[in-house]
Every structure is written in structure tokens, then in C-alpha cells.
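The structure follows.
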Amino acid sequence: MKKFRIGVIVAYLILAIFAIITVYPFIYMILGGLMSFQETTKIPPTLWPSKPQWSNYARVFAQAPFARYFFNTLLTASVTTIVSLFNSLLGAFAMVNLRFKGKGIVQVVLLSLLMVPGEAIIFTNYNTIAQLGLLNTYIGLVLPFLTSIFYMYYLQSYFGSISPTIYKASMIDGASDWEYIWKILVPMSRGGLFTVGLLSFISGWNSFLWPLLVTNEDSMRLLNNGLTAFASDAGSETQLQLAAATLTVLPILILYFIFRKQIIRGVVRNDLKG
Amino acid sequence: MKQNQTKAWLFLAPTLFFVTFFSIYPILRAFVMSFQSGSLISLSWNGLGNYQYIFSDPEFWLAIKNTLLYALISVPVALAISVMLAWLIFSKVKHKSLFETTFFMPYVTSTIAIGIVFRYIFNGEYGMLNFILRAFHLPAPNWIDDPSMSLTTIILFGIWTSLAFNIVILMGALRNIDPNYYTIADMYGANSREKFWRITMPQLVPTLAFLLTMNIIAAFKIYTSVYALFNGQAGVGNSASTAVFYIYNKFQIVGTPGVAMAATVVLFLIILFVTFLQRKMMKKIGGQ
Amino acid sequence: MNNEKFVEVKNLRKVYDNGYEAIKNVSFSVKKGDLVCLLGPSGCGKTTILNMLAGLLFPTSGDILFDGKSVVKTEPKDRQIGYVFQNYALYPHMTVLQNVMFPLTVGKNKKSKEEAEKVARKYMDLTQITEFANQKPGSLSGGQQQRVAIARALVQEPKILLMDEPLSNLDARLRLKIREEIRALVKKVGITTLFVTHDQEEALSIGDEIILFNDGVIQQDDLGQNFYLEPNNYFVANFVGNPVIDNFKVEIKDGKVIGSDFELNLDDFDNSRFKREISDGQYILSVRPENIQPDENGHFEAEIKDVELIGRERILKFDHEAVQTRSLVNLEVPIKAGDKVALKMRLDRVFLFTPEGERVY
């Protein structure tokens, strides 16, 4: 019994150490963003700002158009999420519920494309966008991401778990496919769609390499690109960089704490497909 | 039934449109471009020239070496730590979801933003890491500014970022193990260590194989975290260049898209090979 | 109006994409207002037929006529059918009322909300589910869900009702109750109904007529009692009947029927029941267990291995040629396990089949 208890204490100790390692950067980011420059570079490091410097945020907004970055990021992340969800939804419905010639081939092609790393196609996609004259535009930012094979595949497995007789029943009840999708499939898959939407929005929010390629005007930048540019420009002003980083991370962190169950469940379900 | 056919293609049309133009076409285009030289607007046939170029380019080999080292060190270490933490959460403590929520945070947050934060934690003079190291009288290297440390720094950050996904997936797998196995083991008087090695580990093998390949593939694509840690550079003097850095550099900065695409094709083939190995491995495990 | 052949299936054939021939040249017809059971073991093709009738599957060849008109090219929603699925296929996110109303709120037959609710409520009254109107299907028992499914199938006032194993998800007791209710209900509504089941007892009790399938072929299309009294072939004789029929391998030679331990005279058989002239050779003699009775002048003798009580009757079990064989006797017959008994077959009730299964007597 005693041995058992020591085991539990050791377990808590190890977990606590790693939990601190995991959480510390976030705490340091948030608190550091409220410190004065002297405090952030003090030896030994300070943990708590003696007086929160809210003015740091005012200076961040004054030095770089973070409001604009926010708007750009929110817009592109929302548009990609909504449109790609819509397209994946229709595609997944067709793949699950309709019978047609060539379905097997479509499935094989999509599954093989799932293995193609985004980094391998991002540069040629840049080329396409450049040729279309869409650099530094919102359309250019979102266009290649308006459908997602990955989310379509996810929805396929989700829809596949709904009994096929539900679709048959709706056919006999006289519903068109369009009515089936909106009156039955979508309400029945609300949880799955919501999770996919969340994951898609988060990855849109955190996107970096693509917007780095297709935008170079400050007014078109997304948060992460604005943040790196700001980090270079702000040079040694550590506290401002940390404040800017907080601005980028905090919205997603809040979203995460509200919907942590759905997000974690979605990720686990996504990736245990083997 | 004819009508059904048209309908199906209509529903698939948006997806197929975007997939064709932004997934299939760019792959083919990348492949073709890897045999071409010149700038984006004036490409000309170059045969295997680009491949010859990258294979004799020390920068390319440095990038590949760094990428490989990063993958081979950070992935197994992160996986081992993840298994330990997941097992401890699963078997030893209450508040499982509290720990799970905590450990998953890095997964949803921007690598760029957290990378900037780490830049200061790793700072040689006033960084928290060196403060702690000094407190224990350990050597306190200059993590960011010393070229010989760059790769180590990236690996440490890489481990920190990849724990989140691993732990959550492993927790999912642990929850899927039939609790009756443990009940029976208890009846036969198995201790905690025996239960872990004789029941848990064998059950986790498919998940571990999956995570191993997912992590290796992700490691081959490392870019963003390096960018964030070293403020847009690949470490001091390009000491921490990686495959994607090399591609980006050749494509955007140097302006030789053919060379970049040749490197892309090589990277793509490596990733395909890893995926192929995973399939094989999964089949073997599944067949047992 | 074609009342005799309200539903008519002609030379229907279905070959699946993988080459499996599920239905081989099937033809039958159903009278208006009848309740017909499609009976057969699992995998016999009965659900395939139902799906083709509903338009959920496309036949490889052949024709389906409803009221004299071919519907093969008609969409399911335009066939004026109702369908009750084995798992009910209720929409889990809608209330009972919304489920029943759903067919009236979509597609071409869309009605105003008030009108749709009025019709829905009428059928909910009929199936006695009004009290659950605002509950979700998930909170209902199997039997209640079943009724919701039926109400939803009837709400469009279809001409034909198709039911696919609608009782198989219910427990035994409820099954008996609901099947009576279903029969009463469809008779009250007067709708022509096709009812798929693998349970012979269910088919016998509910159907005006039964069509028995096996291997994608109709084995017998008849009134219920005839499956029992006059089976078409060896398969039917063995499929229908509980306890199952007893089979004896026999050889017919020189006017005698020779089993392993009995010998019968062909002259003792009922001459009028021979289907055709029979030649000497190997046959199977099949006897319903109630037609083998203990009798002093028995055809053969057997040692009773076990006695099983089933309600008013008892089954005597004995081995014949190492195969378990049964005799169904009255409760009062004082025989117990271990007794040696002489047994006699009622030759005017037995059947003779060729080894291929053709019935000759």
C-alpha cells in the first residue's frame, strides 16, 4: 500500500514538471507582455510584472497594423472554414450515399493525395496564384484551401457511421438529396461538422508559409506573418514582441478552453484511422 | 440511375475542381519544373541538371543532414516521453482531463508565436532555461547565437511541440484497451510494471507505429519553428538549414525554381517512402 | 384498376456488381389489399426484392408493375409506397411528430404545416403514439419506435406498404403482440402490404399468402397451411414446421420402400397423392413429427434419448441412423427417456422426395 502511494506521488511529480514545462511559455508570454523592457531582460529572470504595462499593447497597435492583421486572419480563416466545410460536405455525401461509375477511382485518387505533403505543392501553387495576378489579395490567400481532402475524408467516415437506411428512408419519404443533406445529414452530424470547423479554423488561424509566400504588402498580412515582421522590426523590444505573440495566441487559446472536449475528441478520431 | 451519376459528379464538382487545380496540377508542375532551369517566367529544359546541382550542393546535404538528425533524434525522444506521460496520466492520477487539456495546448497554438517566446526562454543571458541550468551549476550554452547549438535548440523545441499530439492520441489508444485485461492481470497478481510491458505496450504498438511515421513525416517538413526561433533565419550562418528552408530559399530568394522543385521531388519521395513503410508495417502488425 | 394483380413482378433478375446473382428469374403477383409475406432464410434475396420494389435497387432485367403500370424507371419517391425498415431508420434529431410529418414537408408532395400536422396526427392516433409526439425516438422503446416507423410510412397514404423484417429487433413477447397489431392496422387501412421475414411462424400468422424464397428463386407461392400440408419440394418441407420434419433415406425397389430398419409397401401409400410415376432408386422419406406415433404395430423400434416438453405436447427424441429424429406426442403419453418404443408413420401424410429435392409423393 505504501509502495503504491509513493508511485502515485512520483507520477504527480513527473507530470507536474512536464506540465510546468508545457504551460510556462504561455505564462511567460502573457506576463512578459505586461512587463517593462528592463523586467523582461533582468538577470535573474522576473516572473511577475511589478506593475502591468498595458501601454505595451497600445504601442504594439501603434507600431504595426495588428487590427488589420486580426481582420485579415479572421476573414481568411472563416472563409476557408465555411467554404471548405461546405465543399467537403457535398463531396463526402456523394461518396457515401450515391452510387456512380468512377467512385472507386475518385476515392483512390483522393486517398493518394492525402499523402502529398502540403510543402511539396505550396510553391507551385504560389506560381499559379502569381500567374492569376492574385498576389496580395484575399482570394489568393484562400483559393487553394477552399476544399480539404482531409476533412472530406473525415466527414466520409462520420457519415459512413450513419445507417444507410436513413438515406433510403428519406428517399422514400420524398426528400431530394439537397433536402436530405440539410434536413437530415447536417443536423445529425452537427458534432462532427462543428469539430471539423473548429480544427479547420484553428489551422487557418495558425497558417504561416502560404500567406508568407502570397503576400508582401503589410495591409494583407495575417497575424503570424505580421508577428514575425513585427518581431524583426521591434528588434530588442522583448516585451512588445511578447505582447504581440499574446495577441496572436490568446483568441485560439480561449477557443480551445471553451471547446477542448470537441477539439481533442476530433483530433483523436481524425488520426486513429490507421 | 443515369440521373444519379450526373448528380454525384455535381456534388463532387467543387472538390474535384479545387483538387485538380491546387493538388494534382501542382504536383505534376513541380515534377516538370524540376527538369527546367531559368526563372519562373522563362523556363527552359535542363534535363537532370537540377538534380545534379542539388546532389553536389553542400548546402543541400547540410539541409538533408539537419532534417534527418532532427527527425531521428526528436521523434523517438518525444515519443518515449509521450508514452511515459500518457501512461502516468492514464494509470496513476485523477484529473485525467485536466492534464490532457494542459498537455494539448501547444497543438492548437501558433508555432510562430510560441517560437518567439522560446527565443527568449533560450536566450543565453537572461533566458529562463540558462537561469535554471546555472542554478544547478550546469553549462549554460548560448542556445540561439551559437551555430553549433542551433540544431539542439530546434530539437528541444520540436520535442516540446510534438508532445501534445502524441499524448492525446496515446490517451485515446489507452482508453480503447479493454479494461478486463487489467482486471484479469490483477487477479493473477501482476504488478504495475508487468501490466505496462505485458498488456499496455503490445496493445499500443499500432498506435506507436502510426505516431512514429506521422512524426517523422512532420519532422521532414520542419520549417516554421526554425523560422520563429531564429527570426526568419535558419540559425546563425544557416547552421540549422532544413529541407523546406532550402526549397524556400532556392525558390523565393535565389530565384531558381527548378532547383527548388528538384529538392521538392526528393523530399516528396522520402516522405512517400516513409508512408509506404508505415503501410507495410501496419499490415504486418494487423496480420498478426 | 387491376385488383387481382395489383403488384406484379415479371421475370425479375438481379446480378450485383461483383457478379453475385441474388435473384434469378422471379415472378409473382399480389392481390389488392392482401398482406403477403416474403419468407426465406437470410441471404435468400427477399430484401433484395423488396428494395427493387421500393426503387432503392435497380433490377438487372425483368419488370415490376404497380396497378398495371411499370415502375422500374420511377424514382422511389414517386412510386407511392411506404417502407418500414428493419432498424426503423427514424431520424434521431427529430421528435416523433417531426418524424411522422417529414414525408409531408419535403419534395413534391409538400403540404402546409397545419395540414401536414393534421394528417400526421391522424396516423399517430391510429398507431397510438400521440402521447410521444414531442419525444425523440431515442427515448422510446423498440415497440414504440416501430409504431412511429409505421406511422411515417403510412402518412403519405401510399398504395403499397413494404416492411423489411420489422419485428426482428423486438423481444419475443412484444413480437407476438405487434404482429397482431400490424395485421389489424393494415387491414383497417386496407393497404396492400409486402412483409419480409425469416421467421416462418411470423409469416404463417400474419400473411394472407406466403412466398417462400431460397437461392434467389421462389420455392413456393401459396396459402400458409399449404407450406405445411403440401410442400412443393424438400427445401420447403424442411424450412417450414416446428419441430422440423424427420427425414429418412430410403430405397424404392420392387414396390417396397426400404429404410435402414423398416420396410414399407408402396401399396399402403395413398395412390391419389403420387405426383408422378416413380421408378426404383434412392429417395428421401419425410414425415412431420406428429405423424410418427408410438404404436404396437410400429414400422420400426427406437430407444428414446430425451423427452422435451413444449406446452401441450412433448417431443420424443431418438437417433435414427445417427441423426436425431423426433416424434411429437400428446402430453399424456407415458413415455420417458430410455424407453424402447415401436413407432409408426402415417403413410397418407408422409412425403417422398428425390435426392434433388423434387417431391414425388
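By written order: A, B and C. Residues from 1 in each chain.
The working rule: a residue touches a chain if its C-beta (ideal position, glycine included) is under 8 Å from a C-beta of that chain, and two chains touch if they have at least 3 such contacts.
Fair warning: this is a prediction, and the values are worked out from it, not measured in the lab.
Chain contact topology: the protein chains form an open path, each linked only to its neighbours in the line. Of all chains, the one whose mean C-alpha position sits at the greatest distance from that of chain B is C.
Here the chain at the heart of the shown protein, by mean C-alpha position, is A.
Centres computed as Cα averages put chain A at a distance of 56 Å from chain C.
For this pair, chain B with chain C, the centres built from the Cα atoms lie 60 Å apart. Centroid to centroid, with C-alpha atoms defining each point, chain A and chain B lie 16 Å apart. Chain C contributes residues 54-56, 75-77, 81-83, 85-87, 89, 91-93, 102-103, 106-109, 152-153, 156 to its touches with chain A in the complex. Chain B makes touch with chain A in their complex at residues 4-5, 7-9, 11-12, 14-19, 21-27, 29-30, 33, 40, 81, 84-85, 88-89, 92-93, 97, 99-114, 116-118, 120-121, 125-128, 131, 160, 163-165, 168-169, 171-173, 192, 206-207, 210, 214, 217, 220-221, 223-224, 227-228, 231-232, 244, 247-248, 251-252, 257, 260-261, 264-265, 267-268, 271-272, 275, 282. Residues 163, 165-166, 168-176, 179, 183-184, 187-188, 190 of chain A are the ones that touch chain C when the two sit in their complex. Taken together, the chain A residues at the contact with chain B in this complex read 7-8, 11-12, 14-15, 18-19, 21-26, 28-29, 32, 40-45, 86-88, 90-91, 93-95, 98-101, 103, 106, 109-110, 113, 115-121, 123-128, 130, 143-144, 146-147, 149, 152, 177, 202, 205-206, 208-209, 213, 223-224, 227-228, 231-232, 238, 241-242, 245-246, 248-249, 252-253, 255-257, 260-261, 263-264, 267-268, 271-272, 274.
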